[in-house]
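Okay, got some structures for you below.
Each of the two complexes below includes subunit A, the first together with subunit B, the second together with subunit C.
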Partner chain A sequence: MALLEVSDLKTQFTTRDGVVRAVDGVSFALEEGHTLAIVGESGSGKSVTALSIMRLIPDPPGKIAAGKVVLRGESVLDMSDADVRAMRGDRIAMIFQDPMTSLNPVFRVGFQIGEALRIHKGMSRKEADARAVEMLDLVGIPNAPHRAKDYPHQFSGGMRQRAMIAMALACDPDILIADEPTTALDVTIQAQILELMIELQQRKGTAIIMITHDLGVVADMADDVMVMYAGKQVEYGSADAVFYSPQHPYTWGLLDSLPRHDIDEKGTLLPIEGQPPSLIDVPPGCAFHPRCPYAQAVCRETCPELREIEPGHMAACHFAGTDSLVRGRVATAEGEVR
Partner chain B sequence: MFKYVMRRILQMIPVFLGVTLILFVLRIPGLLPGDPIQLIVGEKTLTPALRAQIEEKNHLNEPAYVQYGYYVSNLLQGDLGESYQKSRSVTSILADKFPNTIRLAVAAILVEIVVGLLAGIISAVKQYSFWDVLVTLSTSILVSVPVFWLGMLLQMLFGIKLKQWTGGALFLPITGMGTPPDIAHLILPAVTLASVSTAYVARIMRSQMLEALGQDYIRTAMAKGLTERAVVFKHALKNAMIPVVTFIGIDLGALMGGAILTESVFSWPGVGREIYLAVLQRDWPVVMGGVVIVVLIVMVVNLLVDISYALLDPRIRYGGAAE
Partner chain C sequence: MTREDKKLHDVQSGMEGPRDAGGHPTKDERVVGPILPGAGEVAARPARTLWGDAFTRLRKNKLAIIGLVWVTIVIALALSADLWVPRFFAEPTFTGFGSLEAPSAQHPFGTDRIGRDVFSRVVYGSRPSLSVGVLAVSISLALGLILGALSGYYGGVLDAFIMRTADVFFAFPYMLFTIALLAVLGPGLQNVFIAIGILGWPSIARVFRSSILSVKENEYVDAARAMGASDLRIMFRHIMPNAIAPIIVYGTMSIGGAIITEAALSYLGMGVQAPTPSWGSMLSEAKALMIPAPWLTIWPGFAILTTVLAFVLMGDGMRDALDVKMKD
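Up next is the complex of A and B:
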């Protein structure tokens, strides 16, 4: 049994303009100690997926309309509010994109790290403070006993994200959900934070769900990759499968728009043309078809099912695994690279 | 911090002198109707000799700038002059009234804090609910109702219409000056005085709370497994409180200085009513003394409020080297 199993998760938001299907039938499994990367553009439903697992979707306007989230055999969506609170921060912890705003400005950093320990582990204020200092030390904050007494504004961006990681890992959770943890940081700091996460994962065996739009991050860390587009899963498989034999044109687009230093080729970056669709008014058929250079008549009419292309590698494209699409891609690539 | 406080205290000096100057100019004979010398004499006939004698005694025959010099120098020695009407020092008159004003101000501030904060928090946490609509609507009405009119309505309702239940106790104006007013007498004036500010406190609290609840750190707190109550009353409230504390603090300064309208409507023997009566009688030393005291209190309280910021918000550290 996997540590976390999500099946057919559907999360919707009711707005004045209509129902937004932010997450529309997403399924995946996360094994102990593994890393799953959820990749996609802004608005593709990555963060909502994560918040749904934590049951942090604001209701109203949001609602988890269908699906299952099973943590070690226990259904998260059927838990009582008290059980969900007991789970949050203790069994599944989360860190967020913007460390500048994710820490409360009026409480000391050490206090904020110790808070989860006091609720979940029943520690006294003193024990929690001591443990907070240990955690800060663990995530590489120099002079931790002193810095624990600082307020967040006295920390730099990278240090705040380290503090967030310390906070999230304080209770030794089974799963750490990292929602674009490096997006708001300087490039040099990004690498440090990722290294820290990898190191802590190896030391503590924490499973990680890494939400990102940066495929470079994915390549460094992920065991499995799930690509999302317009609330749906378009490709899902092991990192190797998704990187070396991507099946969905959207995944190709993501890979083509990634700068690469490993191949000495004068290729240009190829952006994906167009904008992600509005989730209120998703195009009929395959949601990606208006931006897909290989779209055919069938793409405009029928929404492709997620199907297994090779063992453990799924894609939602009518032409996935067929020769026609691959030939088309090669032809286009040759035409454009010149 | 010390440097900041010193700078603020030094800044008070020109403000204070400006206020005294304005007050002094207003007192120049002929600028406002009424003859203070006639008031001093009272029923007696005012002969030119007597007038000259009184002018001499009060330095009224000197040029205006000399008079101002006398005034400021007396002021600095804590001498606010003598009432034209009562032949008592202004200091002793105001000292008599001051405890009553403080009593009323403290009661009003308590109403403001308890009712205003609670209403604001409930209305933010239960946004768009019945309670939110109720709070939003009633605060809109309260801020637009003139205080003196609200006071009179309350007097009519509790003192006259509901007399059999209240025994008129909530209405009775205080006649015996100097006798300490009891709690029952305090209720209506305090509620009246607090009305507008309570509405403002509720509104500021609501908007600040809504803003705080939408912040990322609230999501972080939820993700930690905190209860909703802990999130609202600890993480959101401390952030939301900062502007509210400012408002209450400044308001406290204003109320401490005496609420002229409320004290007059309820015949509350405080500083505000004393100033009002003195204005009617052109008793300039009392008016000036009263206003000067009010200005001083407001300035000092504002300074205290600014200092208290630093306690609430760690990001503010006045004057020190920024990180």
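Up next is the complex of A and C:
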């Protein structure tokens, strides 16, 4: 049994303009110690998926309408509020995008790292402080005993994200959800934070759900990749499968819009034309068809099911795995190069 | 993905750093280098807190310091009055001097119509003023903070109910409402506390509610919730301390307002009852003698003016000091 199993998760928000299907039938499994990357454009439902797992969807206006989230055999969606609070921070921890605002400015960093320990492990102030210093040391903050007494505004961005990681890992959670943990950081710092996460994962065996739109991050870290578009999974499989034989035109689009020194020496980036659809008014058929260069009549009418293309590799495209699509892509790519 | 590919990716993103044989970054890279510019200097800098910073800024504001000093002097005089006033001057209710004496060495502020020493009455008169200021504002704060916090944190129907109630309070003319309340409760210092305190909560609640609304959107509140903190903990630990600054400013300024209201009520005879002195009632008694004995109005008036001004200056200084955006 996998550590975390999510099946057919549907999260909706009721707004004045209609119901936003932010997450619409997402299923995946996360194994102990593995890393799952959730990739997609802004508004594709990545963060809402993560918040749904933590039961952090503000209700109202949000609601988890259907689906199952099972953590070690226990249904998260059926837990009492008290059990959910006991789970948050202890079994599943989360780090956020912007380290500049995710630490409380009025408390010392060490105190904040110790807070989860005081809540979940019943530690005294002293024990928690001592453990906070250990954690700061672990995430590579020099002079940790001294720095634990500093306030967040005395930390740089990279150090704050390290402190956030220390905070999240303080209780040794089974799962760490990282919601774009490097987006707000300088490129050099990004690399260090990723290395740190990889190192800590190896040491502690924490499973990671990495939400990102940076495919470089995915390549560095992920065992499995889930690509989301308009609240739906469009492709899901091992990182190798998704990178080396991507099946969905949207995944191709994401890969083509990355600068790649090894392949495209001409330096032309191929952006995906158009805008992601409004989640209130998702196009009929395949949500991606208005932007898809290979769209056929069937794409405008029927929504493709997520199906297994090769063992363990799923894609939601009518033409995934068929020759017609691959030929089309090669032709287009050649056209661009010419 | 193979190790070579990862390396390739690293090179592309400019991530290559010193690595050991296993491909992991070496320890040195993590600790020194561009990660922590000036880590050594940081260690040498004295630890500064939010409140410490605020105090440093407050000290630079001369007007605020003048206010603070004056408030301290007035409070010290009020508290220590019993120790020295009766030894050098008469009890504030002692009527044995000749009536209406002009200021002299013996009676620095003169005496009133029935021979009471004005200086000692002004000193003792600070007691009801200050206690009304502090106690009435405490009552307003207690009510306003709780209701404002509930309103801002939970929102929805509760918010609407509390805020509409506040609107009803605002709809009445303030002074008229106070007098009406005192007419029901009866005059006297204790009821002045209650009346001013009860009528003060709506503005405190509003200020605190809006402050909470903005603080609650911060990511550290989400982070606390994701950490498993309960509603109460989030409210008191994470939101309150960040939302309290405007309340400190507003509360300080309200003390000045409450002192004025007390003086007005005592002037109208609804507050402190004779023979206990208060600045407002002294003014009330002096109003017929303003021309022949100006010292009767000048000194209590001066006391009210300077004390209220001092509180307002202090509040103003705190607003500047607590405003993080004004960081030097």
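Descriptive notes on the structure:
In the analysis below, the second predicted complex is superposed on the first by the 334 of 338 C-alpha atoms of A that agree within 3 Å, B and C clash if a C-alpha of one lies under 4 Å from a C-alpha of the other, contacts with A are read in each partner's own complex, and residues count from 1 in each chain.
The working rule: a contact is a pair of C-beta atoms (placed from the backbone, for glycine too) under 8 Å apart; a residue touches a chain by one contact, two chains touch by 3 or more.
No experiment lies behind these values; they were computed from the predicted model shown.
Subunit B and subunit C, once both complexes are superposed via subunit A, clash.
Once the two complexes are laid over each other on the shared chain, residue contacts for A:240 go to subunit C alone; subunit B is not touched.
After overlaying the two complexes on the shared chain, residue contacts for A:85 are found with subunit B and with subunit C alike.
Once the two complexes are laid over each other on the shared chain, residue contacts for A:105 go to subunit B and to subunit C alike. Counted by residues of subunit A touched, the larger count belongs to C, out of subunit B and subunit C.
With both structures placed on the common chain, the touch criterion links A:231 to neither subunit B nor subunit C.
Residue contacts after overlaying the shared chain place A:173 against neither subunit B nor subunit C.
Taking the listed stretches 2-10, 74-82 or 146-154 of subunit C in turn, the superposition on chain A shows a clash with subunit B for 146-154 alone. Annotation: subunit A residues 54, 56, 85-90, 93-94, 96, 98, 101-106, 115-116, 119-120, 151, 154, 164, 167 touch subunit B in one complex and subunit C in the other.
Chain contact summary for the complex, subunit C toward subunit A: residues 1, 5-6, 8-15, 17, 24-25, 29-31, 34-37, 39, 42-43, 45, 47-50, 218-220, 222-230, 233, 237-238, 241-242, 324.
Those residues of subunit A that touch subunit C in the complex are listed here as 54, 56, 85-90, 93-94, 96-98, 101-106, 115-116, 119-120, 140, 142-143, 146, 149-151, 154, 156, 158-159, 164, 167, 187-192, 195-196, 199, 216, 219-220, 239-240, 243, 259-262.
Contacts from subunit B toward subunit A in the complex involve residues 215-217, 219-227, 235, 238-239, 312-315, 323.
The touching residues of subunit A, when paired with subunit B in their complex, are 54, 56, 85-90, 93-94, 96, 98, 101-107, 115-116, 119-120, 151, 153-154, 164, 167.
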